[in-house]
Amino acid sequence: MATIDKKTLSRKTLNKAFHHWFYGHLTAFSQEHMQTFGYLTSMLPIVEELYDNKEDQEKAMKTYTAFFNTEPQLGTIIVGITASLEEARANQGISNEGGVDDTTINGLRAGLMGPIAGIGDSLVVGTLIPVILGIALGMSEGGSPLGAIFYIIVWNLLGYFGMRFAFFKGYELGDKAVGILIGAQGKAIRKAIATIGGMVVGGVAATWVTVRTSFQLKNSSGKAYLVLQNQLDSVYPGLLTAGFIVLCWWLMAKKNISPIKVMLILVVVALVGVLIGFFNPGLTY
Amino acid sequence: MTISWIQASILGIFASLSSMPGMAGSTIGNYTLGRPLVGGLVSGLILGDLKTGIAAGVAMQLVYIALVTPGGTVSADLRAVSYIGIPLAMVAIHAQGLSATSGNAADLAKSMGTLVGTVGTVLFYGTATMNLVWQHMGWRAVEKGDFKKLYAVDWGYPWISHLFFSFIPTLLMTHFGSSAVQALKTALPMDGIPMKTLFTVGALLPCVGIAILLKQIVDGPFDFIPFFVGFTLAASLKLNLVSVTVISLIFALIFYKLDMAISTNRQAAAPASGGTLDDDEEEEDI
Amino acid sequence: MTISWIQASILGIFASLSSMPGMAGSTIGNYTLGRPLVGGLVSGLILGDLKTGIAAGVAMQLVYIALVTPGGTVSADLRAVSYIGIPLAMVAIHAQGLSATSGNAADLAKSMGTLVGTVGTVLFYGTATMNLVWQHMGWRAVEKGDFKKLYAVDWGYPWISHLFFSFIPTLLMTHFGSSAVQALKTALPMDGIPMKTLFTVGALLPCVGIAILLKQIVDGPFDFIPFFVGFTLAASLKLNLVSVTVISLIFALIFYKLDMAISTNRQAAAPASGGTLDDDEEEEDI
Amino acid sequence: MATIDKKTLSRKTLNKAFHHWFYGHLTAFSQEHMQTFGYLTSMLPIVEELYDNKEDQEKAMKTYTAFFNTEPQLGTIIVGITASLEEARANQGISNEGGVDDTTINGLRAGLMGPIAGIGDSLVVGTLIPVILGIALGMSEGGSPLGAIFYIIVWNLLGYFGMRFAFFKGYELGDKAVGILIGAQGKAIRKAIATIGGMVVGGVAATWVTVRTSFQLKNSSGKAYLVLQNQLDSVYPGLLTAGFIVLCWWLMAKKNISPIKVMLILVVVALVGVLIGFFNPGLTY
Amino acid sequence: MTISWIQASILGIFASLSSMPGMAGSTIGNYTLGRPLVGGLVSGLILGDLKTGIAAGVAMQLVYIALVTPGGTVSADLRAVSYIGIPLAMVAIHAQGLSATSGNAADLAKSMGTLVGTVGTVLFYGTATMNLVWQHMGWRAVEKGDFKKLYAVDWGYPWISHLFFSFIPTLLMTHFGSSAVQALKTALPMDGIPMKTLFTVGALLPCVGIAILLKQIVDGPFDFIPFFVGFTLAASLKLNLVSVTVISLIFALIFYKLDMAISTNRQAAAPASGGTLDDDEEEEDI
Amino acid sequence: MATIDKKTLSRKTLNKAFHHWFYGHLTAFSQEHMQTFGYLTSMLPIVEELYDNKEDQEKAMKTYTAFFNTEPQLGTIIVGITASLEEARANQGISNEGGVDDTTINGLRAGLMGPIAGIGDSLVVGTLIPVILGIALGMSEGGSPLGAIFYIIVWNLLGYFGMRFAFFKGYELGDKAVGILIGAQGKAIRKAIATIGGMVVGGVAATWVTVRTSFQLKNSSGKAYLVLQNQLDSVYPGLLTAGFIVLCWWLMAKKNISPIKVMLILVVVALVGVLIGFFNPGLTY
């Protein structure tokens, strides 16, 4: 802990750690350990640089065997923060009690991965990507490759440099980031972001998800005198879509049914709906 | 138009790269190569008909534009959509002599995409399950302190999962699919129960993705309010997503300040009144 | 088409049931039987021409769709609209040989409805005033401890008020009205001052109902703000009422939290600064 | 007050009380005592069950002779609450000082009837019913009875079971309901509901009330070069409607003019408006 | 149509009165006489063709309807627009035999207006600079205690500035302009770089005015939020300004109450916790 | 300070002061001293009435030589407030320490002129005038003088009486106005008004300012397959306009570039934009 031999991660190692994460966060995904292995490969160069002795390395790596999953793009900031915390732990001596330890680091990882998954999934995957795609689709109308190329360039630049920024910002802030993300102000910030997230997810749902019924009542001469979809729209535009989303949420959140089972339920609902004439996609080859 | 073994192999490799979880990392893989718009570009280049490829990609992209896969919950498999669905749709469009940019071609592409996308989710779960084997090897290596092995576990072995669940299915289905497509169309007409159900499922499944997002955000019933406000702004007022986001900012600012006011408040009150104020913690439970 | 004494009597009974205050309870009475849409169904059945009845009911319902009668302030009398106006309109439509669902028929129905609705408010005030007699008897019974009498006061005697102010007027006006309608139309042409005024009054009167609602909600000038925001959302953005309600929820949540923050605040502050903060009580008065 | 003889209202009596209210809340209405008699008939079975002795019954019934008026549907909750309070009073002994007494009960009734009238009139009568009617109108276009039947069924189910729910909820909560409806949190809740009420009433006004002017200035060739209504709409859509509502509010709230007189004023305004060509409904037989 | 010396002089006087800063006070001057709509009326009267004057004024007013000049930052000079641009446009419209209310005439007027408006800003800066001379005299008078002199400084001498920067330019340009206009049109065609640039500049300049307003309102990045919300309401939802204002009221009320809650809060907290709460002062800096 | 000889400004003097301001606030404008001379001429009658002795007059007038600039219409309230403060200073004795002095008055003027400029420019010049003009334009379509006359009358009545009201309100409130405008509540009020101002300026910008690009990509047959403006609108309507405004703000607020220089930069931007085909007003004579 003497100032003379304070360990600082080299830029090269940090870069390595970042690229390991950038590339490998999901490659070895399973339902059991989603991003754990990606995290491990990302921390390995850092641990190797900070600890000379094998035993310490093992102790450090153990920390990162805990389950981890978040939205990978935005979640890069968490990896950056742990890089900084690991550095702090190395300087303080990994076997010293108090200060940064397993519990600190994993508490932080567990506390952050949920909210950041929610925010990232809704703002990055649910909003940013669809918006860029939306623009690109306009450019590719009529079969031009322009839109696709536009999307590839814009998204990858944003993705790469955004993640890079998040990683180094996280490293730089270190436990200060924790201070911001946790505590009274952190709670307020998360509340604020959850508000944005909630509204944006609502917007995404209304914009891109469409559940419609084909149910009609017809009179003898075949004229429809009740088009259910129109009636529903006049009550609240998107009522069915919103209803199905809330239903799925309720099944999962309140009835603890797994997403897969919910999907199967939807298959049954779809079948029954088609049979009674409630649903009809009305497509042709 | 037919799809040669070579072409089919290249498609198979792209399928491996672009899966969720894919071998190119999610940024380049699933979020770039996996998007049907890009899949259309790639398939168009491979099959030598860029225009039809792009047109089919555009049609399918519209269906999957907001595909989120929160917590590894995949309601449509993009490797199948982009590298099985698009090539087969191209073949079918050619077979029927449709113009690449016609509405009929787009409809055809959409149906093909939804068909393989929904059915193909089995590929996703297959890949993820097979990865358990490699992860198992990884844990043993970690125990032994043989950390270098982790690179193989994370970067190497999963290719084997993809050999079985991305490469081979794509290879076979695209190569032999051209004729299968025709057979399928007679076996499963669009106005039959199976196809109607399939497409209805395709429209319902995104609800699961959104609902999982909601689960992450919603703690009490009041947390539904921002969701429904956002929904109303987009559904009733036709606001686009950027505009919805802008409007959400002012509410975010208000809730931030409110939360700060309440918490400073509570800090200030605590010493004075001895913590009797905790009950406004429960304000969400009314 | 004529209206027999029997038909007119049945209409009279429905008029009694559906008044504000009516003999069927407000849920079944005023809010169900009293609504012109239902009145159209009933009148159609009684007069044996369902289609014309419904069509006339729909036209009138549109005019009175948001009729609120806060604090017993009735700006249009529904017994008259539904059981005098609709039958007479039906007779007139037949007399003129109009198609039941034509625009002219709807216009005719609307004008007949507004005419009897506005004029008919006198029936409401008549009924309520006559009920004072039964209430008087009720108070005497209460004094004597003869509580069972209350049932007669609440459920029985008011029928007498309705005999005079619902049944008889309906009976006479519907039975003899058929010819009167024709006479009226020549006496009071639509482009004459009286009818123009009447319809203008019909359009202005709902303002009173809304204003009474406002009176219940508005304490200070700032309480007008939510009203005008709601007005703007509906008038400028064409949001429907459910959507307006959804948006109002987020503001309700904010004001709830604000009020809780301020009050906890005040509790906390009170012992420390000795109540000098009361002035933000007056924040509404600026 | 001994636990041995604690009185509890029987389900049967509660049902009776509810149905008396459901049916009779407005039947004996006058401008002097609006819903007082409905309230009395509703409380009678309760009082009779709780008190054996005539004197106590009279004492209890006296309480409910105070003026009462609220929106009857939503107001059912108040009746439920008083049922529970009356039970508490019976258990504590009606002549005991302290605890639940006349003042408590009538304070509560007076305190709740105003806000609940405001909320109920705007949300139930002003919004819920028009929305159901709106849907029903769509179904009855072209003279079909479907819409009317739909309305009868939907509204009466909602009305009956909603009121039932409110009654038993009120009974169950008893003075806890008072705790929620009064006090700091109650104030905040009322503020929140008043916000909803205000916005919804605004929406109702803009959607269903329409005051328009027919005033025009025409040039020599008869072409209108100034259509006042269009000018007003470009300033603020619905300006005239909003203006008339505020005028009525001002007359009643600030000038203490009774609603009837305000209506008469409007008749005069209408007449003058018609004479000067400001108003013209433009209908024909 | 030509413009006589007398007509040109009257136009010159109006130009002096209506400038920013003008000799008629901003209410009557710049904000009334300076508005192109009023300029069109005045010019029409002076040149004896009311209809063409008004039509040209309407066209130009549309361009400058939201002209704000915060902090004396003038992005288009209204004396030039209204009393040089409009008269010259009228001449040109006559010369080309266009109908006063035709689209072509409006386009012509618009281009003439923007041309002189943008170029004419030099007149504004000229006037303001020359006023420094009189202000200098004013300061000397103040020092000497000769206060009466202030009236001359404020009300009298600036006429001299206007003689040079309003009257003479207007006089010459309107009198000789009629022929110049024709020359200009051949020298500077509308599809040439100079004119295209000029009109682009005309469209960009109002941004400066708005930005200066923003500078006065925006302290931290969060202060941009109301601006963008207002922008979204108007741009995406097409709300008009009164409606935007109405909606802004509810947010104003919320922020007012929030600020009051926080400050009472802080007062209350200060004695208890000794000022450790100052950091929420910095809430804007996150 | 004795109550016996309390000085009160006569109505006549106040009227004079108001009219001096009404007329002369901007007549002697320069970039150096914008409304200072207008302020001086407005205060002169007041100072002359309050102080008999030349020395005091000079001392008083000195106060108003400080730089002053605000939105003149709304700013009238400041002049009214200082009239009242000057009166207070005269009563307390201009040379007495404490109480109202130079610092009080100029602090107040400096503190108020900024916010009131912001509010006035956005609400009066940026909103009120354009709205009246908007209505007037409708009336003058087809060359009728009606709209212009309407505007002259409506605006001047509002302007004159509004300013008059502001002046006398300011005088009446005096330092109470300061109490309201400054301090905790004042801060909250300014925050509230700034919120309105911000939203309204946003609305003004979106409604009346329009920056559009003419950039298009065309295919061989001349059909545009990318119309940039449409793409931008689908991202966020008004994106370019908002972008340019933020750019100008950034140059001025963050880079401290003067408005004039910003305008010159815009000229360059316009030229370059025209040359590369990004901008094209597309007008004809």
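Going in written order, the chains are labelled A, B, C, D, E and F, and every chain counts its residues from 1.
We adopt the following convention: a residue touches a chain if its C-beta (ideal position, glycine included) is under 8 Å from a C-beta of that chain, and two chains touch if they have at least 3 such contacts.
As the structure is a prediction and not an experimental result, all values here were calculated from the model.
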Comparison of B-F and C-D (more C-beta pairs in contact): C-D
Same vs different contact residues, chain C with chain E, by half of numbers used: different
Centre-of-Cα separation between chain E and chain B, whole angstrom: 53
Separation of mean Cα positions, chain E and chain A [Å, integer]: 49
Centroid spacing, where centroids are CA-atom means, of chain E and chain F in whole angstrom: 12
Residue numbers of chain C (touch at least two other chains): 225-226, 228-229, 231-232, 236-237, 239-240, 242-243, 246-247, 249, 251, 253-258, 260-261, 264-265, 267-268, 272, 280
For chain D, residues that touch 2 or more chains besides their own: 131, 134, 141-142, 144, 185, 189, 234-237
Complex interface listing, chain B residues touching chain F: 240, 242-243, 246
Touching residues on chain F, where the partner in the complex is chain A: 217, 219, 225-226, 230-231, 234-235
Chain C residues touching chain E - in the complex, by the definition given at the top: 222, 225-226, 228-229, 231-232, 236-237, 251, 254-255, 258, 261-262, 265-266, 268-269, 272-273, 277, 280, 283
Chain B to chain A touching residues, read off their complex: 20-23, 25-28, 30-32, 35, 37-38, 40-41, 44, 50-52, 54-55, 57-58, 61-62, 65-66, 68-73, 75, 92, 100-101, 104, 107-108, 110-111, 125, 127-129, 131-132, 134-135, 138-139, 142, 145, 147, 150-151, 153-155, 157-158, 185, 190-191, 193, 195-208, 210-218, 223-236, 239-242, 244-245, 247-249, 251-253, 255-257, 259-260, 263-264, 267
Of all residues in chain F, those that touch chain B in their complex: 234-237
